[in-house]
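Just below sit the structures, each encoded as structure tokens.
Two complexes, one shared chain (subunit A), two partners (subunit B, subunit C).
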Partner chain A sequence: MLLELEDVSFTYMEGTPLAQTALRDINVSIQEGEFVGLIGPTGSGKSTLIQHFNGLLIPTRGKVFVEDKEVGVEIKPAETRQKMGLVFQFPENQLFEESVFGDVAFGPRNLGCSEEEIEVRVKKSLEFVGLDYDSFKNRSPFSLSGGEMRRVAIAGVLAMEPKMLILDEPTSGLDSQGREEILSRLEHLHHTESLTIVLVSHDMDEVAHLADRLIVLNEGRILFDDEPRRIFSQAQKLREIGLGVPHVTSLFMSLIDRGMKVPSSLFEVEQAADVIVDMFEEMVR
Partner chain B sequence: MIEITGLSFVYNPGREDEILALNDINLAVKEGEFIVVLGRNGSGKSTLARHFNGLLLPTEGEVNVDGLSTKDPQDLWKIRQLVGMVFQNPDNQIVATVVEEDVAFGPENLGAPPVEIRKRVDEALAAVHMSEYARYEPHLLSGGQKQRVAIAGILAMKSKYLVLDEPTSQLDPRGRREVMETLRNLNVKEGATVVHITHFVEEAIYAERVIVMDKGRVALDGAPRAVLGDVERVKSLGITPPPMTILAHRLAKRGLKVPRDILDVEEMVRTLCSLS
Partner chain C sequence: MRALRVTVGQYFPAESPIHRLDPRVKICLTMLLMVAIFMVRSFTGFAGLGLLLCLVVYVGQLPWSWILRGLKPLRYVLLFTLVMHLLFTPGLVILLLGPLRITQEGLQNGLFFCARLVLLVSGTSLLTFTTTPIELTDGIEYLLSPFRRFKVPAHELAMMMTIALRFIPTLLVETEKIMKAQMARGADFESGNIFRRARSLVPLLVPLFVSVFRRADELALAMESRCYRGGEGRTRMRALRMEGKDWLMGLATVVLLVLAILVGLP
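And now, the complex of A and B:
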């Protein structure tokens, strides 16, 4: 198993009057090659949870295993961070080098890679995020568009060659074009490299389209952990905790309420068009 | 009314990295309008927003607020009182350590008498539904609540025009809903004029008027249905149309009698039910 959390609880500032429990009894495991969407309202513990995935936080109670080794006991947190690449929110704020090359090279250089190896990795990582190596390597990161800067930041994490890529709301604040660039690169990475991806998002349409498994957090606990279509059939429960469902799901739920015979678990516009056209053709017959 | 005539703006004029950010903009914002401005990154939205209250001054052309020109330094303070701005980051615009003191900051600077300030602060917080948080420390609030406090600060200045530059971009869905409801409410009940800049196309659905910027120009300007229903054109300007509008287009292409300018789920449900 690539990642396993066993009865993990986490309390900020434990033992003080300000103690606040952010995670309670989390049990979850992620296999190599999965694409997992992590959703939940603000304050539900998403960011705290992903910081346990890469050893930035050590659980107050419970254990975290990376490749079957217990973090902090059998594997150092520092090594965990290299295996589990975490892209924070607004990662472009952490760009600092004078060139795109320098920024992406920072990680592998710290790992002690040779200059040759560094160049290979930088090239590969930039290509993964869809930026042409020759035209971007010497540019200043600060001359790039918001979407490009964010892709450079993601390339910096990929250059560490992690086993898992964890992204905390990677499309937040971008325009539609920037959003689509990032999402299509993630999809590509998942399909061609079988990279394991955990995507934290507020956008239901986004995770529904990409992830093959969703984990819903609420008040520090796992509320659902299942295939997207099964989770979206719990629309009522999701709305109660301040989340929505994809637009298409919401459409089909309303159609069912009005007595139409359509599936309740659709979320892609393309599929929706097919189902609706079929339905009307059947009526005509 | 805010009147913009022949407005062009150049960043770094005369230098190698000179950029023409706004190119001959002509635009009028009437009192009581609710306008949503869309456009991809770099299209000039924020540069335009900063012209409404004279944070930036035109390279060419003119911006007039209720007849006062932003080019006239003597009118600038009056203009800034008339046109209030809210920015992206909720943490960068709150200055005080208590919510009500932050809202009072504007009217205090205007020299309003204390009784008047008290009244304005109470009314402003009530208008954004934040009265119960008057004595809170701002850092205890959610992002959506902080943006509502920032809006209250503008209301307490008695500004007529609210210009918001991506106020929802860093908020979660709940915070986004709170801010949008607050803006709609202020527009309908208090008659506030709202210019709302955003990347979220679903926030444009309920506006009266949608403007799409592209390469420093106004590319589209009209009712949401007319603007967003033109799916191909909107896409070519870097904006993803609402999912239900895309679905309507697909259905119409495949021969169903569905109008191509459906904007939201409710409308789609009504249309499909009337077909069957």
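And now, the complex of A and C:
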């Protein structure tokens, strides 16, 4: 198992009046090659949870295992950070070097890679995120557009060659083109490199389309952990905690309400189109 | 993570008589306390002031760990003070360590100045522990306003302080975020010699400065678009009002402080 969390609970500022429990009894495991979507309303503990994945936070209670080794006991937190690449929200805020090359090279350099190795990795990572190495390597990261900055930051994590890539709302604040670009790059990475990806989001459409497994977090607990289609069939529950369902699903739900016989768990536009075409053909007949 | 452990200048929420005291009284008393700490010339006096501070901590429902953590950054300064006094004060030698002579006066002076520093820092931190930044700056603005006729920009100073204080927690959170992001890329802020450590701060400081400037720009814009133009003719929503308890508490503390000074005089 690539990652396993056992009865993990976490409390911020424990022992003070400001103490706040962010996670309660989380049990979750992620296998190599999975594409997991992690969703939940604001303050549900998503960001806290993923910081347990790479040893940035150590659980108040419970255990975290990376490749079957307990973090903090059998494997150092610093070591897990290379294996579990974590991209924070608004990662462009972490850029600091004079050149794109220097910034992407920061991670591998910290790992002690040789200069040749660093160059190979930087080149590869920039290409993964769809930036041309030769035209970008010498530019200042602060002269790039928002979407480009973000992709440079993601490349900075990819250059550590992690086993798992965890991204916290990688598309927030981007225009639809930047959003599309990042998501398609992630899909590509998952397919060609079979990289394990955990995508944190609160946009149902985004996650539904990409992930083959969804984890829904609410008030620090796991509410659902299942295939997207099965989770979306529980639309009522999702609405209760302030999450929606994908647009297609909600369209089909209202069709069902009006007595049409359509499946309730569809969320892909193409499938939905097929179903609607079939429906019309039947009506004509 | 380390950033969150800084307690100096932080507010500790509680419902205590100290918290409810008028901020102007608290500011004046804190200044008086500082004067007292400098006037006191004996350990008995310090003990008295120490007791007074303990009483405030107790009544104010503050955790002792916060006071101790507030003193932690001071530990090297204390050590330095003590060692310097131990080694370089002439007088009655009580211990010989090779070429080093430790004198009784040195020990006394060392402990004396350390006690003074500890009292100063913990005394002033009590003010910020029990007063919200807003109350604090309101108090300062009020206390400075008589000096306006000497062209002291009381309101602007207070606004600058409010903004600075307001952004301390924000910047701490931001620092922690950037630190974590860089740690996720294998950065190491805690090991290596002093030069390595200083260099390791670059990936933290550059993004932090970038974000501070961006925030400052955004804040200025947000304030201007709400027609802020300084203190002239500005009224306040919550005016400070001295009540019986404020006068009483103030008076009681003044008496205690004067007593401490009298006891502490040589």
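Throughout what follows, the second predicted complex is superposed on the first by the 285 of 285 C-alpha atoms of A that agree within 3 Å, B and C clash if a C-alpha of one lies under 4 Å from a C-alpha of the other, contacts with A are read in each partner's own complex, and residues count from 1 in each chain.
Just so we're on the same page, a contact is a pair of C-beta atoms (placed from the backbone, for glycine too) under 8 Å apart; a residue touches a chain by one contact, two chains touch by 3 or more.
Since the structure is predicted, the reported quantities are computational estimates derived from the model, not experimental observations.
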Partner chain in contact with A:160 - subunit B first, subunit C second, else both or neither: second
Touching partner for A:202 - first (subunit B), second (subunit C), both, neither: first
Contacts of A:28 with subunit B and subunit C, given as first, second, both or neither: neither
Partner chain in contact with A:254 - subunit B first, subunit C second, else both or neither: first
Partner chain in contact with A:242 - subunit B first, subunit C second, else both or neither: first
Touching partner for A:120 - first (subunit B), second (subunit C), both, neither: neither
Contacts of A:96 with subunit B and subunit C, given as first, second, both or neither: second
Interface residues of subunit A shared between complexes with subunit B and subunit C: none
Residues of subunit C that touch subunit A when the two form their complex: 4, 12-14, 63, 65, 177-178, 180-188, 202-203, 206-207, 210-211
Residue numbers on subunit B that touch subunit A, as the complex places them: 39-42, 88, 142-143, 166, 169-170, 172-175, 199, 201, 238-240, 242-244, 246-247, 250-251, 254-256, 265-266, 268-269, 272-273, 275-276
Interfacial residue positions of subunit A with respect to subunit C in the complex: 13, 15-18, 51, 54, 56, 78, 81-82, 85-88, 91, 93-96, 106-107, 110-111, 142, 156-157, 160
Complex contacts: residues of subunit A adjacent to subunit B: 41-42, 145-147, 172-180, 202, 205, 242-244, 246-248, 250-251, 254-255, 258, 260, 269-270, 272-273, 276-277, 280, 283
